[in-house]
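Labels A, B, C and D are assigned to the chains in the order they are written; within every chain, residues are numbered from 1.
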Amino acid sequence: MSLPRNIKEQFPLLSQVVNGHQIVYLDSAASSQKPAAVIEAMNDYYRTINANVHRGAYEIAAQATEAMESSRERIAKFIGANSANEVVFTKNATESFNLVARSWGGQNLSHGDAVLITDMEHHANIVPWQILSAELGFEIRWIPLTPDGQLDLTSLDQLLDGVKMVSLTAMSNVLGTLNPVREIADRAHEIGALVTVDASQYVPHFPTDVEDLGADLMCFTGHKMCGPTGIGVLWGHEELLDSMPPFLGGGEMIVDVRKDGFTANEIPHKFEAGTPPIAEIIGLGAAVEFLESLGMADIRQHEIQLTKYAMNALNNRYGDELTIHGPRDPDQRGGVLSIEYRDVHPHDLSQVLDQRGICIRAGHHCAKPLMKLLGVGATSRASMYLYNDESDIDALVDALEPAGEMFAL
Amino acid sequence: MSLPRNIKEQFPLLSQVVNGHQIVYLDSAASSQKPAAVIEAMNDYYRTINANVHRGAYEIAAQATEAMESSRERIAKFIGANSANEVVFTKNATESFNLVARSWGGQNLSHGDAVLITDMEHHANIVPWQILSAELGFEIRWIPLTPDGQLDLTSLDQLLDGVKMVSLTAMSNVLGTLNPVREIADRAHEIGALVTVDASQYVPHFPTDVEDLGADLMCFTGHKMCGPTGIGVLWGHEELLDSMPPFLGGGEMIVDVRKDGFTANEIPHKFEAGTPPIAEIIGLGAAVEFLESLGMADIRQHEIQLTKYAMNALNNRYGDELTIHGPRDPDQRGGVLSIEYRDVHPHDLSQVLDQRGICIRAGHHCAKPLMKLLGVGATSRASMYLYNDESDIDALVDALEPAGEMFAL
Amino acid sequence: MPGLDDLYKEIILDHYRNPRNQGELDSPPAHRTEGFNPLCGDEVTVTFEISDNSLSEVRIAGHGCSISQASASMMSAAVKGKSIDEVREVTRRFKAMMSIHEEEIGSEASEQTSDEVFELGDLEALKGVVKFPVRIKCATLSWNALLTGLGELEG
Amino acid sequence: MPGLDDLYKEIILDHYRNPRNQGELDSPPAHRTEGFNPLCGDEVTVTFEISDNSLSEVRIAGHGCSISQASASMMSAAVKGKSIDEVREVTRRFKAMMSIHEEEIGSEASEQTSDEVFELGDLEALKGVVKFPVRIKCATLSWNALLTGLGELEG
């Protein structure tokens, strides 16, 4: 089964006209577009059952609670969690990482310990550890990369020495690289370390099963998977989450507050302080329902085909003038193409493409250590999702040439 | 000028029918309803300019950034801030408090210091301090209450001794009490302490000017002021925010990340890690625009009138059988009525009212220390907003009697 | 939408107005266990004595809504004098009835073990609570506290 | 929607292709200052020498887009040999032009001090950048770095 041909019609934004051209949206790694069903689900919530959750005995409050908690169940199933209690709602993947670092790290890390990350991590999986390490004095270590942008695991044993947490991305948001999470997780577990997976670029595009991945904790974000802004997820094994101290304090996360202290609530509520992003949780539930209706395996197939098509088209047309960072084989990577084209600076390239309604991202993609390694300040990144098709790629390919002329040195 | 008579029509949810009755929503202290304009603003964002902000050179990303930043400016003006840079977006008031406690508190508090709060605080302004105090060993002190639910300031001088931060609510979400924030702030400033104001129940209902309040930092939340869920605000004086270390780490909050550490961005971005709640910020901007169009002074007048009407109606009808917690004078309190009626337990009362489509909240309202002081496990709370009218109050008053009969002991 | 009569059956209001086995036993020697409902502030304290593997005495204290109070009172009447195994079985059945899918679970279970001792009797009156999911925690508060208390005994 | 021609004027592309005053002076003795654009990763290093209260030498290094490179090159040409006060004045004017409300500010200012020295000349070509707000930071990157460098001298 492939995806419906007219799938773009379900995304209102994709019919927008920008600078006289129907929009060509190739920036889904930064944020995806939203199907009407997701926008409508949030509308419906606000129009019919909007009320604060968990604490209200009246009808619409009960319905809001029910809608929120059934979203939690749907999301839990979607990622192969054992129970909805394993799904903690945050505001974005970044908060999820801060929760892990502060709560688990604060309890378990000290001088002499190490946390192992990789050279291709997003700042969300770097800075929270750096903040904590400045306080607690543990070491942050980095798995290096091979020249084609894969993890270089030749020294993994040495790197793992003294490591208590391995925290790595399942897929690079710059290189498209898919990492061997399971293999690394197995080796981490052998020495008693835990594994946190950054699935921000993975859950939106792949059938995901937390047990298959071998993760102990996993972070992802709603707005990259057809969901709204303002919602992220931390998944963790029940016993592990149970053992972790609270992160943010306030309402919802307590069973009792006395002047001399408080008693934390059970998971997942223990980690959800204050009024939750109720509409956003419901929106993310609708996004998961939408993705399930298409089928994650079909979405992945579609993206492999399109990545293959794009890599061929770019290489055939521009040969040596163009480099695509990361793995060559479209089966071994996601639909994220960081492109170097002649001497055109990414900012200029994306500006020129914008004149044709083509949206790509120019920048460091919140991966500055990786930029340094690549020896660039920024890359031009085109990234795909289920709603892109060959016409989008054709538009991109055609638009490079005039940009190249304009900025020829 | 009074509020438009047909204001309810602007709130889609208020035309819902619950259990055969048009809904009577008296739970705005928990969360307010949303005008169509706010729901539409978020819709429009998702349908026309949805894109990640700050990092995109293309048209819709620039528009999304512009929409988000002009919301920030609008909100800054709305509370009398000197600059949009003083407005930090969080996910709710609770996160704002955690930011203050962890960032400012982590840098400034240690054994021997004290933080002064009050007996009527919401858990959001208690638990973050308790978490931090368990780590750093400072003391948490409480301003006591008079029998009619006002702050008892007779021992304020002693209480202030050694205090570095006074953190208090401008209005109680249980008692409706308006606190003399300015007076307390002035006395706190005299001894060199800072003042954080919980304005979660204040900004939605009163013309607010941070300078008049005498606040150094102020926390409030979007969903109680006609805005969406998933968005809160921390306001702070520019120099103070500048001096505070980052809270959450990740994208957006850095200017540089190296393997050996990071350089934080300027305020407000320093405190906004990860993809922000873009749609929600735009929604909150629309909410502020809506409130401004009515006029905060008129909203306050409307609520005084309605509170007066409600207190009279309840007292006249039920006399000794009914107690309203907190100050007697409607001019001196907000439109939040915590009611004790005969022996009816709040949960039972709200259940019975729900049968008539009347939404009130039964519970501890995230103020357990206050509940203990009042000697109850929970209260029945009816709370008003700009869209309520006398017919809502009449419905409430009429519905109490049969509930009383049913649960007579 | 179920009506209030489904929730507030006469027998429930009777237990609410005239709670059975009220008070607290001295502990020790009695065992003591507590339950909180963080949603509404309800609190229950269950004290009980065990002799000869039976719940020889039980007392209920605390405060809460009619449902939590009535359920605690009905529980005390249902478990007093029962063997620990019987207490566990009636608790299991009660909680099954209180789970959202009670219909299926309830009927299956009763076909498997149709022993007279385990009939829920008066407790059946609480069945209507399931239609008001927010109130389920009110009804199960005292039962969960008792279960916790029994669990602690066993170590 | 303004077209690309408003942004990429020929003179800008010329400065981009043939940047003036490229390189780095040895520092010390030269002063050195850096600028980052966290949004796109652009970096600029400005080294300069002061003698007799004038910016006697200036060099630009780093990498970035055509706008940031061209603006840095144009800046170097505009400030080289100028007195510190003149440098500050041209910077002030350039930044006023780059602010979203440039029209008003720009015209007011030029009426108040209509000294020939302070005409922006070639720099006027960068005016179109204002229509592309995301790119303003590209254009002002080197100017802000220079200002920081001058500030450090004094303080």
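Definition applied: a residue touches a chain if its C-beta (ideal position, glycine included) is under 8 Å from a C-beta of that chain, and two chains touch if they have at least 3 such contacts.
Quick caveat, the model's predicted, so the values are computed rather than measured.
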item: Both-way neighbours, i.e. chains that touch chain C and touch chain A; value: B
item: Farthest chain (mean CA position) relative to chain B; value: D
item: Whole-Å gap between the CA centroids of chain A and chain D; value: 38
item: Chain centre separation in whole Å, for chain B relative to chain A (CA means); value: 31
item: Gap in Å, rounded to a whole number, between the CA centres of chain D and chain B; value: 45
item: Chain C and chain D, separation of their C-alpha mean positions in angstrom; value: 77
item: Multi-partner residues of chain A (at least 2 other chains); value: 19, 55-57, 59, 61, 254, 256, 347, 351, 362-363, 368
item: Interface hub residues of chain C, defined as touching at least two other chains; value: 1, 39-40, 132, 135
item: Residue numbers on chain C that touch chain A, as the complex places them; value: 1, 36, 38-40, 132-135
item: Contact set on chain B toward chain C in their complex; value: 19-20, 345-348, 351-352, 355, 362-364, 368, 371, 376-378, 406-407, 409
item: Contacting residues of chain A [partner chain B, same complex]; value: 12-13, 16, 18-19, 23, 27, 30-31, 33-34, 39, 42-43, 46-52, 55-61, 91-95, 97-98, 101, 122-124, 126-131, 134, 140, 142, 221, 223, 228-232, 246, 248-254, 256-259, 261-262, 273-280, 347, 350-351, 353-354, 357-363, 365-366, 368-369, 372
item: Parts of chain D lying in touch with chain A, wherever the complex brings them together; value: 1, 3-4, 7-8, 13, 16-17, 39-43, 63-67, 132, 135, 138
item: Of all residues in chain A, those that touch chain C in their complex; value: 54-57, 59, 61-62, 65-66, 254-256, 265
